[in-house]
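Submitted below is the structure of interest, expressed as structure tokens.
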Amino acid sequence: MAWTREEMAARAARELRDGYYVNLGVGIPTLVANMIPPGIKVTLQSENGMLGMGPFPYEGEADPDLINAGKQTITELPHSSYFSSADSFGMIRGGHINLSILGGMQVNEQGDLANWMVPGKMIKGMGGAMDLVAGVPRVVVVMEHTEKSGAPKFKRQCTLPLTGTAVVDLLITELGAFEIDSRGGGATLIELADGVGLDEIQSKTEAHFRVCSTLA
Amino acid sequence: MTSKVYPDAAASLEGLLFQGMTIMAGGFGLCGVPENLILALRNSGVMDLTVIGNNVGCDNHGMWHVLTNGQIKKVLASYVGENKVLEQLYMNGGIEIEFNPQGTLAERIRAGGAGIPAFYTRTGYGTAVAEGKETRQFQGEWHVMETGLTADLSLVKAWKGDTEGNLVYRKTARNFNPMIATAGNVTVAEVEELVQPGELEPDQIHTPGIFVQRIFKGTQYVKYIERLTTRPRQAAAAGEAH
Amino acid sequence: MTSKVYPDAAASLEGLLFQGMTIMAGGFGLCGVPENLILALRNSGVMDLTVIGNNVGCDNHGMWHVLTNGQIKKVLASYVGENKVLEQLYMNGGIEIEFNPQGTLAERIRAGGAGIPAFYTRTGYGTAVAEGKETRQFQGEWHVMETGLTADLSLVKAWKGDTEGNLVYRKTARNFNPMIATAGNVTVAEVEELVQPGELEPDQIHTPGIFVQRIFKGTQYVKYIERLTTRPRQAAAAGEAH
Amino acid sequence: MAWTREEMAARAARELRDGYYVNLGVGIPTLVANMIPPGIKVTLQSENGMLGMGPFPYEGEADPDLINAGKQTITELPHSSYFSSADSFGMIRGGHINLSILGGMQVNEQGDLANWMVPGKMIKGMGGAMDLVAGVPRVVVVMEHTEKSGAPKFKRQCTLPLTGTAVVDLLITELGAFEIDSRGGGATLIELADGVGLDEIQSKTEAHFRVCSTLA
């Protein structure tokens, strides 16, 4: 049984550590906000200019001046702070955010990531994705293992325009998790979803990867 | 003594607009957008604009009005989704868009306002963003040289401002406004509340008045919410997990 | 959950000090100086320090204590007047000083904290400051390339701080503290008032807690005034000219 | 009669315009604060992080957290604002301060300025002087016309280490005022102190300069 979206988010949530400042992308990464393990404190950053992002407001209490980077209405917490976009990306570029969890279109075995455009399709822009992968010391990508067509998305080389090179440290798909050494050491399968075999994940992956000894 | 205070948006733009000019506007999505100034800009009909900002409005809101009026020739932005007219114009070659990573755009504007002509960043190295730009290693890591940005005119929106041009922003409506205020040859600010000097706490001013040449009290703020997300009150306990 | 709060200066520095390290400290003259942290640094006896800050104390005050204790090997500063020991050490070759223009120093520290390895400025072109540095023209004007600065440890002083490390500075005691807070591998803050989260207004926080790893309530602030300048009360009318 | 210090400051004050933001150096430039012409509004910047610098505090009311760049205790005004040194020099470097009035040790006919160190003497550092002359569009230098020895300080070339090259727009001494074209057009004597003759100023000046037609 492959992991569900919630299980993928839960696997990503296991990367959280006490005291971390974390930036979550849209989609599955957003689910991680509700899966912070008990007993640890995690502060969420929204790159449009906020630390200490709170939950959605109660009905009727949304404030148009308080949105996250996905343009959703949110709330503040007692320890929240606001700042400009320049200060926000100073935080990101300067390596002060501990962990970023993002979606992806393609990842390669060196940790390159493509997640912002498909040539020939509507181009919306990269937003803050390039800054996040370049600036945050640990980047986790959560994505479907294959295209709808069945084509692998974890590749030898990305074919889509890149968001960053050698930036992904951990790749989580519905089939398992790969640690990637972005200093050139390649990829290692470190976890398999329950009921997913090594054969299955190998057949659906184009990237070369080692297999962690506990799984081999 | 000259006053910085103007009666409304149209008056505040008088004598500042010309064909082919570059205009920066604050806002992230539709949050913290100079709504009154953008409508006055649309009404002015000034043409061939280069517009710099994180976004360029979204359907029926914000800079979309100027765009659909055919006034914009080129855009520098980081994200232009939720704006069908712009997407269509771009795909048809009807408008030029220079995409900038959001943090690079923010820093380029800050640099422009702070007299820094260029700086280096890791962001975008090895991607399309670095094409045609100088790249260079610092401490073994590759970086891209990015240049500072300034504008003929900057349009910003603040929560409160005093008659000296000191500005205070509210929550995430701050976003790009503070840097944009510093990078305009002329900066015009619209505020929800226009107060007298002394009513803002000097330690808590986000944009000192030196950056603001003209100011007025805006009216009829729409503050359209792009994605209203809420939780039902009974789910409070579960929703407060983080 | 780990707390950022420490009982005092000595405890807040435990495990952070090592010979040959680089330390930044906030303050302009003796205004906004981390007084308690500097005394704890002196008491630690850690040697061969490189100290970065606008000044290095003045006679009998601030970083002067660490200096006269023989702990400093090198200084990066913009102005070291009113500090006879330092001037004497420098003229005798007993200490290395790298002078930076004040704005360049402030920007280098900001750049270090913001992940910018280098930037260009007009400041210092054609002067001794530019010697050995890359120079380059942008739009016909010559600029000097300056690099970002970071430190093993940053020491800052704020007026109020909460237990999450959010800081608020008071008046001109802000000076170099906000940038220095961003540029330390570890940043320790001392505050006059330590409050609970929620007591500081989120729109008015100058240094978000992400930059502060340790915080404590300082004691016995001297706040020595270098140049007390006053006017007699009867001269009020004339003195208020500007 | 050569100008007094107060008259030199008064001449500098004639450079002020309504709405100007101005940075004043220590010494004679500081006197300009008390000579702002009636009917115009000038806001003083202190480069340690303040706009809207007020007068000295009343006796007994000095606040150690409120000093100017000369480390003197000052006061705030209703429109004052505080900011970091990085933001302060962003303002200066970015050209937002309209006018800077500074002291000088030497000026040359191209507008080079030396005012921060004398080799062999105690070196204190340049503070914000290099940033001010590089960033502020109009720089006025107020200095004595000669050394105590009688040696001219307005020179063909500065012999002291420079603060900036081609930065001085107006030089005011006790003998008169020179406009300097920092784009290479050289210096022009535009004013003589009452009772100072062209011969006198020429004999005490090493720099080449033209003489404004009204003075010739």
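Letters are used for the chains, namely A, B, C and D, taken in the order the chains are written, and counting of residues starts over at 1 for each.
Please note the rule applied: a residue touches a chain if its C-beta (ideal position, glycine included) is under 8 Å from a C-beta of that chain, and two chains touch if they have at least 3 such contacts.
All of these numbers come straight from a predicted model, not from anything done at the bench.
Listed by label, the chains touching subunit B and subunit D alike are C. Across the two interfaces under comparison, A-C and A-B, the one joined by more C-beta contacts turns out to be A-B. One simple way to say how far apart two chains are is to compare their mean CA positions; for subunit A and subunit C this gives 36 Å.
Separation between the centroids of subunit C and subunit D, computed from CA atoms only, is 27 Å. Centre-to-centre, using mean CA coordinates, subunit A is 54 Å away from subunit D. Residue positions 76, 82-83, 89-90, 92-93, 135 of subunit D each touch two or more of the other chains. Across the assembly, subunit C contributes residues 107, 110, 114-116, 121-122, 169-171, 174, 202-203 that each touch 2 or more other chains.
The touch graph of the protein chains shown belongs to none of the named shapes. Every pair of chains meeting the contact definition is listed here: A-B, A-C, B-C, B-D, C-D. For subunit D in complex with subunit B, the touching residues are 18-19, 21, 39-41, 43, 45, 51-52, 76-83, 89-97, 135. Those residues of subunit C whose C-beta lies close enough to touch subunit D in the complex are 28-32, 54, 77-82, 87, 90-91, 97, 99, 101-104, 106-107, 109-110, 121-129, 159, 169-179, 206, 223-233, 236, 239-242. The part of subunit B that touches subunit C in the complex is made up of residues 107, 111, 114-122, 138-139, 141, 143, 147, 168-171, 174, 201-204. Residues 1-2, 110, 112-116, 162, 164, 166, 182, 196-198, 202-203, 205, 208-211 of subunit C touch subunit A in their complex.
If you check the complex, the residues on subunit D that touch subunit C are 33-36, 42, 44, 46-50, 53-74, 76, 82-86, 88-90, 92-93, 112, 122-131, 134-135, 161-165.
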